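Common to both upcoming complexes is chain A, partnered first by chain B, then by chain C.
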Partner chain A sequence: MRKYLLVAKNTWDEYMQYRLNFVMWRVRNVLRLIIVYFLWYAIFNQRGELFGYNESQILTYILLSSIVASIVFSTKTQDIGEEINSGNLSNLLIKPISVFKYWMARDLGDKLLNIAFSIVEVFVLIIFFKPPLFFQTNPIFIFLFILGIGFSLAIYFLISILIGFFGFWTPDVWGPRFLFYIFLEFFAGSLFPLDILPKPVFSTLQLLPFNYLLYFPVKIYLGQLSILSIFEGFFVGLVWIIVLYLFTNKVWFKGLKSYGAYGR
Partner chain B sequence: MKRYINIYIALLKINLASLIIYRANFINSLLSSVSWGIFSILSILLLTSKTTQVYSWSQGEIILLTAMYSIFIGIFHTIFTRNIEKIPELVDRGYFDLILTKPVDSQFLSSVRYFNYTSLSRIVVGIIALVLILIKYNISFSIANLPIYIVLSIFGLGILYNIWFIITTLSFWFTQLNNIHQLMFSIANIGRFPPEAFSQIMGYTFLFILPITLIVISPVKALTNNLNLYDILAPLLFFVGLSFIARKFWLYGLKHYTSAGG
Partner chain C sequence: MVLMVDKISYYFKVWRLYTIDSFSVILSSRFSAIIFTIAKFFRFIFFLLFLVFILRSTNSLGGYSEYEVVFFYLTFSLIDSVTQLLFREVYRFRSLIVEGSFDYILLKPINSLFRSLTGGADLLDLFMLIPIIILLVFSATKTGMFTPFNTILFLVFIFNSLILTTAFHILVLAIGILTTSVDHTVLIYRDVVSTGRLPIDVYREPVRGFLTFILPVAIVMTVPAKAFLGKLPIELVIVSFIFAAVIFIGSLKLWRYSLTKYSSASS
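This part shows the complex of A and B:
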């Protein structure tokens, strides 16, 4: 366990080494949040309710989904494809560590740093703009919200490493990843709550894993899902985790067989 | 000047050849570009579906702005983005020597070496959306204003290029600045929305955002006959001022290039 904590710490230290780069990443996130925030603020202007949300619910959704996005989407797994292509994966394979746990530890370091900054940024924005916010007081919903984030973390980690494994068969690893980011941008629910989409589109999205990354946990926090819907969601999410886990393992071992350690 | 035009034509040919060689890369880029363009327009259509006006802009005008932004950013990505993206890596690894040792201006070569043909698809998506929007929302526009639209678009491209280039020049002092481009994508995104949306952000922040809010808005106003003197002068002044700063800063930065690893 200690060696993985050390990996997490090393990831943190890497960021501290290239501080300006990290600051730019955070500024980018704040800017993105401000754009979405003001867009919704303008659309909501002088309206009591829109798309079934009142102003405090929608602004809470936007700000909270930004924090959840920081927790879920901050990752170092985007480097996996490059590590395979460059042959650097060999450095990991010869060490007495689990490669999967190593990547999880890298993610942990990345996430802790991004969460800390994200919370401070959103807090500053709240003080600065004083938006009307919704505070959930029911401990059951807060507990289920945290559990929902746990599901999001697992699903995102598995999908992200799976995309990295494209590197076993092609040097063009950025293409599938970029397409994945496009789908995330629109179907995870960071720009808008997914239930404002036309019903057939929304129903289809509920079957896909993207919906569990942001939309599902934030909706739990807002208390807009019944306990039955929440457990239905957890069930579908769990099925996705199991399917993705089994598939990721299969692809990993298949990929290792075709791994030629080129460049080493 | 003629020499640089010839060099640019030669670069276009080389890039076309590389496009044909790396076909998987081409298909990936094409899919990504088209999906991004379509989703951007669809999401703004969705968000404005229940409202007739956002600030002083009608729903049709807001969607028109998104389509125009798609065309604008498509042109920018085609000509500049891939080039500017490469600069920090070239400087960091010392490969920038290859640029400096060529008998061509280093800013020119660093800015236009790669021509991203696949981003042309983003322009096509924008143009299709533009035509549909003009018909559906019955937005009147004047063909006579097309020349001023083109001139203001060139100012807009110049403004974005210079801001991006100034920030990227920092890579002569700071290594591993690959997040610069993520930041710039977000900054450029501001151009998609009416400037009034950001009026709450007071003081220096707004001054920083101001030139970006002009890059697409001014040409759009030209096309829809809403142009005033400010919409022409402000982009012109920002373009000239930022071009001067970018050039001076680049030349200053070059003096700090250490060629480490080169």
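This part shows the complex of A and C:
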């Protein structure tokens, strides 16, 4: 356990070494948040309710989904494809550590730093723009919200490393990841709550894993899902985690067989 | 005059050769090229559908009608895609500075800024321009403002916007030489200009003022569409041209200064 904590700490130290890059990355996140926030602010201008949301609910949704996105989407697993292509994966394979746990530890360091910054940024924006916000007081919803984030973390981690495994078969690892990011932008719920979409589209999206990354936990926090819908969501999310886990393992072992350690 | 024409013709030939080379490199990895093109197309179409969907329920946004808002978004997409097409090489500039390979560019008998800025045009963005222009013309007709005068005005301001985006990319290159940081600077530029996907009037003060006068996104992305729709105040017309001229000259000065600070490290 200690060695993985050390890996997480090293990740943190790496960011501290390249502080300007990290600050710029956070500036980009704030800009994205401001764009979406003002878009919704303009949409709700002088309107009481739209798509079943009032202004405070939608602005809370946008700000909270930004914090959840910082927790879920901050990852070091985007480097996996490059590690495979450059042959650096060999350095990990010969060490007495689990490669998966190593990447999880890297993610932990990354996420802790991003969470800290994200909370401060959203807090500053709240003070600056004074939006009407909704605060959940029911401890059950808060608990289920945190549990929902746990599901999001697992699903995102598995999808992200799965995309990285493209590196076993092609040097073009950024194309599939770029496409994945585009789908995330629209179908995870960071730009808008997915339930504003027409019912057939929304029902289809509920079957995809993207839905569980942002939309599902934030909706739990807002208290807009019944207990039955929440448990249905957890069930489908759990099925996705199991399917992705089994598939990731299969691809990993298949990939290792074709891994040539080129560049080493 | 003849000398000037000769020089332009020479640089056009050089640009064409660079572009053919760069496209050959892209085609050598067809899988990646196809995936990137599909992803860009999805990004463009998803946001457009999202806007249309929202506007079907609200009828207007920031005082603009459905087709006007769509026209703003398509104007943004046009300027952004042309800029991406022309200045893709900027994204590869950092490695030249870090590795010291910029020396080879300085030694060549062509302008080093020209090479660094336009030496790797991305023709994949040309495919994106087709649906953008078709939809732009369609939405322009729907706004009821599609007249020859407005179209000329629109094109003049698009040209002004491209001068500004050129200046921003020169600034990114100059900052790249001075700090060796290019990747994040250019991505921040992209995030900042993406605020122009919507009419700038949507944003509240002080953000609106900031995006107009400090980081002139409004001038780059919003002014051409506003001019077309006849909603551009005369003072903003003057400010737009002055800003473009000042920032362009300033960027060239910074570029020249940055060259004097190039250390040729690692070469």
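What we mean here is this: the second predicted complex is superposed on the first by the 264 of 264 C-alpha atoms of A that agree within 3 Å, B and C clash if a C-alpha of one lies under 4 Å from a C-alpha of the other, contacts with A are read in each partner's own complex, and residues count from 1 in each chain.
Just so we're on the same page, contacts are C-beta pairs under 8 Å (C-beta built on N, C-alpha and C of every residue); 3 or more make two chains touch, one makes a residue touch a chain.
Note that the structure is predicted; figures quoted are calculated from it, not measured.
Once both complexes are superposed on chain A, the partners chain B and chain C clash. With both structures placed on the common chain, the touch criterion links A:I43 to chain B and to chain C. Once chain A of one complex is fitted onto chain A of the other, the partner contacts of A:Y262 are absent, as it touches neither chain B nor chain C. Once the two complexes are overlaid on the shared chain, A:F247 sits clear of chain B and of chain C alike.
Once the two complexes are laid over each other on the shared chain, residue contacts for A:F186 go to chain B and to chain C alike. By the touch criterion defined above, A:F235 reaches neither chain B nor chain C. Common to the chain B and chain C interfaces on chain A are residues 20-21, 24-25, 27-28, 31-32, 34-35, 38-39, 41-43, 45, 47, 50-51, 129, 170, 172, 174-176, 178-179, 182, 185-186, 191-192, 196-197. Partner chain A is touched in their complex by these residues of chain C: 29, 31-36, 38-39, 42-43, 46-47, 50, 53-54, 57-58, 61-62, 179, 181, 183-185, 187-188, 191-192, 194-195, 197-198, 202-204, 207. For chain A in complex with chain C, the residues that touch the partner chain are 20-21, 24-25, 27-28, 31-32, 34-35, 38-39, 41-43, 45, 47, 50-51, 129, 170-172, 174-176, 178-179, 181-183, 185-186, 191-192, 196-197. The touching residues of chain A, counted against chain B in their complex, run 18, 20-22, 24-25, 27-28, 31-32, 34-35, 38-43, 45, 47, 50-51, 129, 170, 172, 174-176, 178-179, 182, 185-186, 191-192, 196-197. Touching chain A in their complex are the following residues of chain B: 22, 24-25, 27-29, 31-32, 35-36, 39, 42-43, 46-48, 50-51, 54-55, 170, 174-180, 182-183, 185-187, 189-190, 193-194, 196-198, 200-201.
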